[in-house]
Structure formats: structure tokens, C-alpha cells
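In this document, chain identifiers A, B and C correspond to the written order of the chains, with residue numbering beginning at 1 in each.
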Amino acid sequence: MTELLTVSDLAVSFGEVRAVRGVSFGVAEATTLAIVGESGSGKSLSSLAVLGLLPAQAQVTAGSIHWDGRDLRACGADELRQLRGTDIAMIFQDPLSALNPSLTVGYQIGEMFRRRRGLGRDEARRRAIEAMTEVGIPDAARRAGSYPHEFSGGMRQRVMIAMALALDPRLLIADEPTTALDVTVQAQILRLLRKRQRDGLAMIIISHDLGVVARTAQSVVVMYAGRAVESGPVADLYTVPAHPYTLGLMAASPSARDAGRRPQPIDGYPPDGAALPTGCAFHPRCPFARQRCRTEDPELRTVAPGRTSACHFAEEVLSRGGAVGHPRA
Amino acid sequence: MRSTAATIAGSVLALFVLVAVFGPLLVPYDNVTTRMADRLLPPGSTLSEGGFALLGTDQHGRDVLAQVVAGSRVSLLVAVTVVVVGGFVGLVLGLLAGYYGGWTDTVISRLGDMQLAFPSILLAILLAGVLGPSLTNVIIALAVTRWVIFARVVRGSALTTRNREFVDSARVMGASDVRIMARYILPSCVQPLLVAATVQVGLTMVAEAALSFLGLGVPIDQASWGSTIANGRDYLDSAWWIAAVPGLALTLVVICVGVLGDAARDDSDPAKSSGLGRKPLRRRKAGTPAAGSTAAETTGDSTQAVAR
Amino acid sequence: MIIYLARRLWQSVFLIFGAITIVFLVLRVIPGDPATLILGSQATPAELAALREEMGLTDPLFEQYVRHLAEVARLDFGESWRLGGDAFASVVDRLPATLTLAGYALALTLLIGFPLGLHAARHTGRAVDRVVSYLSLTGQALPSFWVGIMLVLIFARMLGVLPGTADGTPVSLILPAFTLALPFLGWLARLVRNGTLEELGKDYVRTARAKGLSERIVFNVHVLRNTLTPVVTVLGLVLGNFIADAVIIEQVFAWPGIGSLLIDSIVNRDYAVAEAAIVLIAVFYIGLNLLVDVAYFYLDPRITLETV
């Protein structure tokens, strides 16, 4: 399967902080990749880097980003802009702040057709209403004239999706698409996204919620402190994690409750990017940590077919056979 | 005063006060004698009697420097008296309104709203015009327009302090209202009142000059920066310095007062002076105009007060 | 919505009523005897008494006040003894001139202040940004009448590029309009700058970029749209202040508006005209404030009934 997007050894610095320190991932047509991690792990920055939308203080310092054979790092600002919306689209966590409060949603969706496809005002409006209907917004013709604050959270996220998918992009990057929503609405939105994926859309879902990931993605990259610590197919990774951090994340996940356990937060806090621990960045919080972890930063290595882990003792973690939870717990 | 700007502004103002207090003794201003030979001499000229006119002379041969020095005295006197009188009235009324609330507050606040309903300079012009030109009347006219601003500041502080625990406990201990106001409420109002007073000193100076410029301020036999500017306006072609010099002095002093006021405001703002928010350079927030009597502030206040 | 507007309308009526009351108090209570004023000090006691009776001055003050309110409601401010004829009519005659001047000043404020603010927002920390910062800090502290005279000195007398008195031609209005605008230029620019910077940091800007919109569209459509709302509303307040400040500036440029009429009337004790002028300006000022609130309501879609 050829990948649409291939990111290798991406590094992003945010001011003085090395926020992303060599991350690789890729996604193919009609598949979904999930990037998982706590806030501050660099997952959002990695995806913004793909689109060239990093905040002013942040910049890509190393690595390569290839889109459909093109080197995006070599692209000029305008070339990159041309790709946005038409080839790669993005939706964000909080649709209320991500939508312009002073413009009607019909205008904001129609803008895709007007500015990017050169359609007239009326035609753009008609297409915007179509796009809204397609994502399940009832009474779209009337609602197109409403402002974002007049919609519920779920409907707003549908508006965002309609806008992002308006020009049939080949890849959708969804940054915490359901975090601000309640559970039922969350399920509806995920169903909508899965449907589009079956139709051929490639997706990258960025989330801290393993439950969301399990329901949408085929493969996962787990990030911690700016690095990928584990990657692999969702099913394998969920059955038997190969990194203690993934193990911890699963124990901490709210969906652990579904399995009859109480969510068990990981001890300690994510490290400050400006003052990373020596050796493995996770070792202060790791129940498996030994002397070697304090001095030697583990390489990301293949630990099973199709799976990588950045843990000195990945085999030991794997051999726990999917018994989710911390050994201490 | 940490910043250089505040230090410079403070020095300029100290010089201004010294000149206003002692200057007239050194460079006496004689508004009666007319010396035709010395008419409209440019700055740096030597007078017929051998004197030296650093800032030139006017159409009657009078020394502009002496006029400006004399004017500084009027300016300082008016500004300080107005702020003290207006500040005192505002303090008392603001304390009463903030402490007692209820109809006392309603009456005082509504009175303030009505007065701020039209631009304060108009009220000052009207009052000064009706009262007639005299130093006292200028002070009355301006003090009447200023008390509201002080009253609002004090009322705001009093309102927040009124329900604090230590006030409650004083009340339980049987302290009288007057005692509570003087001992417990007043101290919390002093700082914001001083900040407002600093700003108002500058605005009052400009207002006094404006009234005198219009012929509604101090009588013509007294030199004021405003009346000297009005006089110089007729001689722009032949003697620009008559109008330019007093205006420059006024502008300089007012800007320095503004800089000091800013510094005072920043110092008194607890959020800013706490360790977290300390920054070497501070800028005014948008929507906070420098002058107290401008659009947003006046109307913003009145709208809020009315909507209460 | 209707309730809110009705409440604001009622507040405005109350404020206008307050303004009329204050002007009544200043004009009828302070000056002493209007009869002496009208007839002069040579009038006989009998003549004075007769006029007092005729004017209703012997009635209790409260009766006079109620009668006066009724007169003002009919726009009857009495006759001008100086100009002859209806006082209100003579003020209305001067209204277009003042509005023209204020309109020019508003146009200048917008044409200079808005682009200046946008430019400063795009180049923070650079020279333009610092100019805006200083201008907003000092602009409102400047004595505008003096600034006007200095502008005349430089542009009319020294350079000879612009006329020094306003004779009604658009070119002649540049200097007075600029003088009026200057205090608000920096203020508006700063408001636009800070508003733009704030908007640029918001999430919807990132969304707009993610849509592949050009930077021009992102800025001119998405950001500007949100910066514009507070600016448009603030313009009403600025216009109100222009009309008030024009009182002094019209005098500087000999522009025959309400302001110069007001000053002439006060100096000549023609109080019927003075009152009509002040009440009209106050009504404008209060009315513009009301308009601003209503405009804000319509311009910002987020303000709904619940948030009012």
C-alpha cells in the first residue's frame, strides 16, 4: 500500500524548546492513523507542521514531509497554501473558537467554493447547503444563514467537517475532533468520519482518548515528550502494548471503565520540554525503569512484525500479554 | 518610579513647581508698563534697557519668559486647588455613596450621571462664563466638573471594601459609621484617588488654559498660559514665539504629568506589581484613553452606572 | 431586545432632562438678576420690577423650573437679545457648519487612524508601532487649541500650503479637522492595533489558513470583520467628542459653528442662545451614545437577548 503522506524524522522547535524530536508516520488512502499522547507531547505541532500552519514561534528544524511524492518542506508558502483545503484539510478541537464568530456558517463553508473554486456567490451558497446536508445538519438551507454561536457543539463540529470536506480533500487531519463533545454526539461525529474514510478519505486523528482511537483508526503512533514511543496496528497495540507508556495510557483511559476497571492515572506529570529527564524521557514515571533507562535514551526499534517501541525492555512489556494496568497497581 | 521616563518626568515637574513658586521673584512680570522700543523682539534679543529677553517680547514689549513664569504660577495654583477641592468633595460624596448605598448612592450617582451626560468642558465654559473672569471662579468652575470623577473612583473602592471582614467585625464591635469610614474604608480609597488626582492635574491645567484662551478664565491683567497663547495668536506672522512658548511649556508639563500618572497607576495595580506580572515596559490597554474626560471613559462609565 | 432598547431610551431621556436641569440651575440661579442683565444698570427700579414680573422671575424657583421645562420641550429657549429672533433657530442655523467640521474630523480619524493601526499590528515593535504608542499616550494630553494655532503657524504662515482660517472650502477645513482628530487618531490606531493583534491570535484565523485562503483574504475578510465591530461602535463616541471639542477649535479657526456661537453668546451674556446651544450639544452627545449601544447590538451577532 503506498502512502499518501509520509513524515520522517520530523523535528519542530517551539522557541528554545525542542517540542518534536524526530517523529515518523505515514497514512495511505482510505485508512486512518491515530496520533496519541498527552497534551504537550507534540502531536498537534507535528500535524500543524504538515500543513505549514505552525504558530509563529515554532519551526520545523529537521526531517522530511512528503505528500503524494512531493517534498512539502521544499514547497513555497503559496504552493503549500494551494494544497490546504483541497488536498489536505484540517478540523480542530473547539469548533466554537475555530469558526469565525462574525460570519455565517454558510459563508464560511461557501468560501471554499468561492475562493478556492472560483464559483459565484449563489452557486457557492447552494454547494455549502449541500455540504451541510451531507454531514447531517437538518434544515441546512435555513441554518446556513446562522452564526456559529447559534449552533450546538455537535452541530458546530459538523459545520467544521462540512467545511473541511467541501472540496473533497484526500487527507483529513482531525485534531481532537470530539474532545469538546459529549459521548452520544461524539459517537455520531465518529460515525460520520468513518463513513467518509470508507469512501476513500485518508485520516489522521489526533487524540488523547484511546477509546476514540480504537473506534476509528487502523494504526497508531503513541507520542511522549516530542517522540514516538510506540507504533503499530490498533488491534495489536491494544491487545499487547509494547511500551510502558501505552500501558499506562490504557489504564488511564476513560474507556477502561467499560472493561470494568477504574481509570488509573499515570503517576507524575509529563516532562517540561525545556528540561527533559536524562535517558528515556519517560523513566521518572515508568514502573519498569532501571538504571539503564536513566542514562540511555532508547531507540525506536522493531519489536514484532509491523510494530515498533522505544523501550529498552519492550520484550518484557510485551510478555505481560496484554494485562492492562501498572504492575504496581 | 523605576523607569527612566518617570524619573525625567518627575524632574521636569519638580522644576516646574520651583519655577511657579520662586520664578516670579526672579523674573517679575510687569503687565502695566509698555515699552514700544522693545516690541515683538525675537528670543535672545537684548532689550533697550540692557536686559536680555531669552524668549523674546510681546506686542507691548513685555518679556515672554516673565509671562510664562507668571503663567506657570496660575496654572499650578488652579490645578492643585481644583484637584484638592474637587478631590475632597468627590472623596466625601464617594464615601457616602459607596458606604451607605441605597438612596444616598442613587442620588449621588444619578447626579454624577447627569453631569457627565454632557462634555465636562462645556459645563466649565458655561460656569466660568456665568461667574465671570476671576481666578476663584475658574477654580470653582473646574472643581464642579471634576468632583464626579473622584467620587466614582472612591465609590468603587468603598463598595468593594464595605463588605470585607474587618469592616464587619468593626461594625460588630460597635464602631460608628464615621469611624468605620475614616479608619477602615478611607485607607483603601487613597491609592486610587491619588492616581486619579495625578491624571486630573494635567487635564485641569489644559482646561484652565482653554478657558483663559477663550477669555473666560483669569482676568486679563493676570498672565495665564492660555491668555498668552490667545494674545500670541494675533501675532503669528511677526512674533510666533508669543503663542509657541507657553503652549510648549503646557504640553511638556502635561505630558510629564501623564507619564507620572501612568507610573502611579502601574505601581498601584496589585496584579501588575505582583512578581508574576512584572514587566519592564508597560503599555496602556486599548480602549483606555489617556484623558479622563474622553469618549469611551465618560460614556462607558455613565452607561454602566445607569444600567446598574 | 425591545426591553433593552426601551430601557436605554428611558436612560437617555433622563440624562437629557438632567442636562437641562443643570443648565437651568447654572443660568437662572448663579447670575443674579436677569432683569438687570437685560435692561442694564441704568434701568429704574420700576422698570426692573415690571420686567421681573413679566418674565415670571418673582414666582418661586420651582414654578419657574417647571415652566422652563415645558418651554424647552417646545424648543422655546426664548429670544436672543443680541441677534434678535428665536434663540434655538439661530443655533440650528449654525448646526450644519459644526456637523461638517466634525464629519471631516471623523473622516480624517478613520482614514489615518485605521490604516495606521493595521500597519502597526503587522509590524509590532517597529517604528510605526512606537509612533502609534506615543500618539495614543500623548494625543489626548495635548492642548488642542494650541496645537491648532501651531498647525496654522507651520502650514499656513511658514509653509503657506494650507489656509489658516476655515472659510468653508474643503481645503480650509483640513487644519481644523486635523486638530480635532489628532487626540483620537492615536487612540483609534491603538484600538485597531490591539484589536487586530488579539484577533490574529485566535483559532478561527488558523482555520481560515487551513482552508487555504490567501493571507490577504484571511486578513481583509476574517480578521478585519472582527476588528471592525468595536471600531464602528467607538466612532459614535468619537463623533460626540468632536462636537464638544469643536466649541474651542471653531474659535481658533474662526469657523461659524455652534461652538463659536456658544462662546460669543456666553461672553456677551446672551444666555438664551447659550442654553439652546448647550442643550443641543448635550442631546447630540447623549443621542450618539444611545446610537452606539444600538449599533453594537446589531453589529455583533453574538450579543443576544440573554447576554444583555
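A few remarks follow.
Definition applied: a residue touches a chain if its C-beta (ideal position, glycine included) is under 8 Å from a C-beta of that chain, and two chains touch if they have at least 3 such contacts.
What you are looking at is a predicted structure, and each value in this text was computed from that prediction instead of being measured.
The greatest number of inter-chain C-beta pairs in contact is found between B-C.
Chain closest to the overall centre, judged by the mean of its C-alpha atoms against the mean of all protein C-alpha atoms: C. Of all chains, the one whose mean C-alpha position sits at the greatest distance from that of chain C is A. We define each chain's centre as the mean of its Cα atoms; on that basis chain A and chain C are separated by 54 Å.
Separation between the centroids of chain B and chain C, computed from CA atoms only, is 22 Å. Separating the centre of chain A from that of chain B, both taken as means of CA atoms, is a distance of 59 Å. Considering their complex, residues 110, 113-115, 117-119, 121-123, 125-127, 129-131, 202-203, 206, 209-210, 213-216, 229, 232-233, 236-237, 240, 243-244, 246-247, 250-251, 254-255, 257-258, 262, 283-287, 289-291, 294-296, 299, 302-303, 306-307 of chain B touch chain C. Across the complex, chain C is touched by residues 51, 53, 81-86, 89-90, 92, 94, 97-103, 111-112, 115-116, 147, 149, 160, 163-164 of chain A. Chain C meets chain B in the complex at residues 7, 11, 14-16, 18-19, 21-23, 26-27, 30-31, 133, 136-143, 145-147, 149-150, 152-153, 157, 164, 183-184, 187, 190-191, 193-195, 230, 234, 237-238, 240-241, 244-245, 247-248, 251-252, 262-263, 266-267, 271, 274, 278, 281-282, 285-286, 289, 292-293. Residues 202-204, 206-214, 217, 221-222, 225-226, 229, 300-302 of chain C touch chain A in their complex.
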